[in-house]
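You will see chain A twice below: alongside chain B first, and alongside chain C after that.
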Partner chain A sequence: MRRLILRRLVLSVVILLAVSVVIFCATLLLPGDPARAILGQQATPERIAALNAEMDLDKPAIVRYFYWLGGLFVGDFGYSTSSGGPVSALLSQRLVSSLVLMCLAAIVSVPLGIGFGIYSALHHGTRRDSAVTWVSLALAALPEFVIGIALVTLLATSVFQVLPAVTMAPPGVAPWRLPSQMILPTITLALVVAPYIARMMRATMLDVLDSGYVEMARLKGVPERRVILRHALPHAVGPVAQVIAIQLAWLAGGVVVAEFLFRYPGMGQALIDAVNFRDVQVVQAVSMIVAAVYVVVNLLADIVGILSNPKLRSQS
Partner chain B sequence: MSDSAAVALTGDGPGGPDRSDAPGEEAGAVKESASRPVPILRRVWAQSEGRIGIVLTAVIVVLAFAGPPLAPVLTGHGPTEFAARPFQSWGLFGTDELGRSVASRFLAGGTLLVVYAVAATAIGLIVGAAFGMLAAYAGGILDAILMRCNDVLLAVPQLVFAMLAIVVLGSHGWVLIAVIGLTHAPRVARVARAATLNVINEDYIRAAEMYAMPRSHIIFREIVPNVTGPLSVEAGLRLTYSIGAIASLSFLGLGMQPPTADWGLMINENRIALSIQPWGVLLPVLAIAVLTIGTNLLADAIARATASTNVEGL
Partner chain C sequence: MSTAPSTASTPAVDGAPSMVLRIDQLRVSAVAGDEILHGIDLELLRGQVLGLVGESGSGKTTAGLACLGHYRAGVERTGGGIELLPREGEPVRMEDLGADQVRSLRGSRVAYIPQDPALSLNPAMRVGEQIREVLDVHGYGSSAREREARVGEALEDVGLPSTREYQRRWPHQLSGGQQQRIGIAMAFAMLPDVLVLDEPTTGLDVSTQAHVLDTIRDMTRRHDVASLYITHDLAVVAELADRVAVMLRGELVEEGPVHKVLHDAEHPYTRRLLAAVPDLQGRKQLTHAVPEPGRATERAGTAEGSEHAEAGRDTPPAAVESAPAPDGGADDAREGDLLQVRDLSMRFGSNTVLSGIDMTLQPGESLMLLGESGSGKTTLSRCVAGLVDGYEGSVSLHGEELARSTRARSLESRQGIQYVFQSPFSSLNPRRTIGQSLTVPLELSRRLPRGGRRAVVEEALDTVRLGRSFYDRRPGDLSGGERQRAAIARALVNAPSVLVCDEVTSALDVSVQASIIALLNTLREERGLAILFVTHNITLARHVSDHIAVLNKGHIVDRGTVDAVLENPTHEYTRTLLSNIPQL
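Now for the complex of A and B:
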């Protein structure tokens, strides 16, 4: 089992390295001259040459790749051409804000999804079950911004005006200091991922409820509540963990749209600004960080899967 | 490489592996060899999900294609013409942020979204299916290399990948189609590979190999017809995500560029006035919602229909 985990670990590292090559090569194709972009009006040939030397742009691409890769390990993501400062200063606070938002969304969506999945499975074949199924199918189809705008219309502007529609934290104040502004972005992201968790939970729960050991427990007179919580649920949660992980990894991408919609000062917002300003170093850094989050979450899910699988446990 | 690694990086975002559960309910139904199977369209139509999905999708598609010629006729203004002062209650749905008719822009704004989404889905399906089937059929080192490349591509979320491409290549229509299509490809390839592995050991493939049929012939005549079921489910799903992704990019201001009339872009342009003149946002949101729900219901119905040839009773 340890070898299996080790192998997954190595694979994750290789994948991240390959992603870094892809991201770096993509930006090599970019037309334009970063030094000229930074200097703007003050661009003289000498200054451009000096800045190129300072940013190592006069070196061959392969050398620059290794400089860049080395920088990633020590938190040096290069210079932002639009703000002029180091990328790490621009992103560090935003990374924390985004992670907080993602965690909140996870905390809301996982119990929500599991709860509705179980509810649906327990009422299998009834009207309640089909209501949950229809709602989750519809929600699952909707892009993030559609859900977000529906919520804003409903709760912030047109129908009820109970929550702020956008995040307006003064500079330097962390957005979670203003909890009412976190509610809508969190619900939006939670509603995006919860339907998938609910559907998977329902499916595995139905499988488990159909099994011999649940029938056995019922036949020997175990109270229904205990049958579900102690006999069925632990078996049903295993496969759901994988889906939860995939959904949380999906949040790493979905958070971009939610942040833009609610003007939440996170990584996604930074990424969109950077794309608009063609700020290559920031785009590289954000893509790399998002990919890292994605890979790490998947790795954790796999390790949990390996650890919780009794067949793999006994093989070692 | 272990299979668990492959499973872990499905990276499918919403709609990933849980879809496979849907068909489970009819698994008990057995196809009777004597009777001819019911055609798939009728099996989809036989389910309420399928009917509603088809109707919803059809409504928006008709709107998207009939809208552009009708827009100037019905509203008296073209989608990029100045009609009245910005954000006024002019005509049926008012004016947008530049004083253009919201109704006219709404009618004209769906065509590109639908066309781009279908094109991106087609690219994703063709490229993904080709690589997936090739990997499964070739096996060995080629399979391993292709699937590891897949894992790498899956490690970057679709929207982030699209943004990377837009930074490098600019936001042109072909870039949107190509990048959304190509980011679908590894996800489709996974499904195609799994479906192909299921049929590859069947006797009729062995027989075809014994007769020394060319590989291309085996792939196109023997394998393709047997993997169309999972692939058609995948097509519906990918279409839903293509619509979502392209509309999202336009909403972020990175997709369709002004002054194009486009639903995603309209939402971006008009959302500052959501509280005073909401139609410029709500109409396109509604249209995108109906379209994606429709295609998703359709995908789900296709999944059930392909899982069993006997769903008349649903």
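Now for the complex of A and C:
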């Protein structure tokens, strides 16, 4: 098992390196001259050349790639031309805010999805099952900004005015200090993610409930509750973990839209600003972080998959 | 308790074997409407095994599960019921009880041993824990320590180690036979009154089957349990049961003491079923083929039927006599071999599956390749057909060495060797009509113009006695036997010289098996087709083959004519196999 996990770990590192190459090449193609952006339109060519030399921008791309990659390892993400400071200073607060939002969405959506999936599978073929199926299908079909706008309309503006429509934290105050402002973004993201989890959970649960060992457990006289929790659930969770991972990874990118919609001060906002201002190193850093979240979450799902399967677990 | 009772149509009140469970006019229907059981009456007596025999679809599993008050999804009880008279406590009617009461009886008073232990043991629970669970949910004894001790006892009872280390194993770390014994231990853990066994040895090798049957017989007697043994295998019933009940399409057609039913059956169906069971001596004419269920016309006695019988019966001895004397491994000198395999080895990774295999096949010869699961028999037949490449050694057809992989083989040699797969349920594309499936090989061979193909396919369908009306039908409408015939017809359309039959009858009922074997024998006779018959079932030997090669752990350990091998097995392994076969 250790070897299996180790292999996945090595694979993750390789993937991240490959992603870093792609990101770096893609941003090379972006228009814009960082030195000119910093110094302004009136800068003399000499000063621009001097700044380029100072920022290593006069070196060949491959050398700059390795400088950049080396910097990533020590937490140096480069220099933000639009805010005039290191990228890490700009992003650290926003990264935490985004992660908090993601985690909240995950905490709400995962139990919700699993719960409804199981409920639906246990009432297979009844009205309750089709209700869950239709609602989850409809939600899965709606893009997150539609859900977000609908929620804003319903709860913040036209119908009920119980929650704030946008996040308005004074600078320096973390957004979670104002819990009421977190609710709408969290619900929006959770509603986007939960339907997929529920549908997958229903499908695997139905499969497992049809299996020989579940029938055997019932024929042994095991109470139904224990049949579900002890015999069926552990087998259904493995495949669902993969879906959860893909959904959580999607959240890392999906927050961009939700954050923009609710003006939530997270990574997504930072990315949109950076693209607008041609702030190359911020774009690189945010893309890299999103990729890392993808890889880490999928790695975790693989490990859960391995741990929930005794055949893989007991492999030496 | 040791003697079989005369007849037990009336419940013995205070006599020796008392009634424990009674199935009373049980009717079960599919929710969709079709009735599956049309009013079954059965009684289970303490300390006895009742064999419930029937072919697939006869409703025997439904009846067995009903004893536990369990009806699978889509099935419901529509009349009658189950009465249980446990050792302690009042008699109860299963259908009057609430769900919780039924649950408390399951696993404690009525236990179940399923068909496939690999599927019915929870792969994510340690085996000891799975036995322990039965004791926990039914509140065995008064303390955890007592239950702990009982788990160990149950394991020892079935001949497994009771150590903590063994209890902590996962199901996948046990062999098939050990898994089934865990199933038995689980069933006996609560010392139940009734045991329902649903074909518990079907997936097991003969030697493992023999062990498991011994365990079941011993446990039934020792714990004085009333057992219902559901099976399609009459030979197993002969070994194990005290009484036999025969089911046909949801009805009981015959019930009685085992020797009476097996030797002096009253119902024609029972007699037909018995006639279809292959015997090692080959005395029986299997080819008095039982008509397949579904096409229920009686054929015995008609001119066609007896003609088959003749053909099927006469072939093997004739071929045996004309075949050269058995010559051990040194048969490479023979000339005109149709198929020759020389020094073939195969390994998957570090695991050697086959080594040093030599065999030959003459036109019109049938070679039985006998082996248990994991012996490498399927791998070998796949090497011959080129479905597995990467082997070492050579396979020659008509004296010409073939490329390893089918892709690299010439069209001719690919047509020369045709393969029939084990399961007719998965080897035919359900979306295509039989005609379409059978035309595919002709399309690939481009031997015929488009217009001529239909005629060839129809002829092949006639040859396998399906008839051309099957051309436009889909596999879903066909019975297992009909599908296997269609699969054989598909192998025949390109007029092969060698037919590789990989366990072609093991997914089928005995009567269907008999008719498929009759068909293969006729093909051999009429077309001079050479057959490589791969199987685990040694009792078929005299019915299908004139030569036999016994495969064990990737080596051919015994070979020669069927008579020579069966009468004078030279290898220890063959002797063990022969001694473990259940016989009628």
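The rule is short, and it goes like this: the second predicted complex is superposed on the first by the 312 of 316 C-alpha atoms of A that agree within 3 Å, B and C clash if a C-alpha of one lies under 4 Å from a C-alpha of the other, contacts with A are read in each partner's own complex, and residues count from 1 in each chain.
In this section, a contact is a pair of C-beta atoms (placed from the backbone, for glycine too) under 8 Å apart; a residue touches a chain by one contact, two chains touch by 3 or more.
On a predicted model such as this, the values are computed, not experimentally measured, just so you know.
A.B. asks: Give one of first, second, both or neither to describe whether A:A241 is in contact with chain B, with chain C, with both, or with none.
C.D. replies: neither
A.B. asks: Does the superposition put A:V100 against chain B (first), chain C (second), both, or neither?
C.D. replies: Touch status of A:V100: no partner.
A.B. asks: Of the two partner chains, chain B (first) and chain C (second), which one does A:A18 touch, if any: first, second, both, or neither?
C.D. replies: first
A.B. asks: For A:F145, using the defined touch cut-off, is the partner it touches chain B, chain C, both, or neither? Pick first, second, both or neither.
C.D. replies: After superposition on chain A, A:F145 lies in contact with chain B alone.
A.B. asks: Could you look at A:V222 and tell me whether it touches chain B, chain C, both or neither (first, second, both, neither)?
C.D. replies: Second partner only, chain C.
A.B. asks: Using the superposition on chain A as set up above, list the residues of chain A that contact both chain B and chain C.
C.D. replies: Overlap of chain B and chain C footprints on chain A: empty.
A.B. asks: Show me the residue ranges of chain A that touch chain B in the complex, using the header's touch definition.
C.D. replies: 4, 7-8, 11, 14-16, 18-19, 22-23, 26-27, 29-30, 137-138, 140-146, 149-150, 152-153, 157-158, 165, 192-193, 195-196, 199-200, 202-204, 206-207, 242-243, 245-247, 249-250, 252-254, 256-257, 260-261, 271-272, 274-276, 278, 280, 283, 286-287, 290-291, 294-295, 298-299, 301-302, 305-306
A.B. asks: Which part of chain A faces chain C closely enough to touch in the complex?
C.D. replies: Touch residues, chain A against chain C: 211-213, 215-224, 226, 230-231, 234-235, 308-311, 314.
A.B. asks: Enumerate the contact residues on chain C facing chain A in the complex.
C.D. replies: Per the stated touch rule, the residues are 65, 68, 70, 72, 103-108, 111-112, 114, 116, 119-125, 133-134, 137-138, 170, 172-173, 186.
A.B. asks: Could you list, by residue number, the parts of chain B that touch chain A in their complex?
C.D. replies: 1-2, 4-5, 7-18, 21-22, 24, 49, 148, 151-153, 155-161, 163-169, 240, 243-245, 247-248, 251-254, 267, 271, 274-275, 278, 281-282, 285, 288-289, 292-293, 295-297, 300
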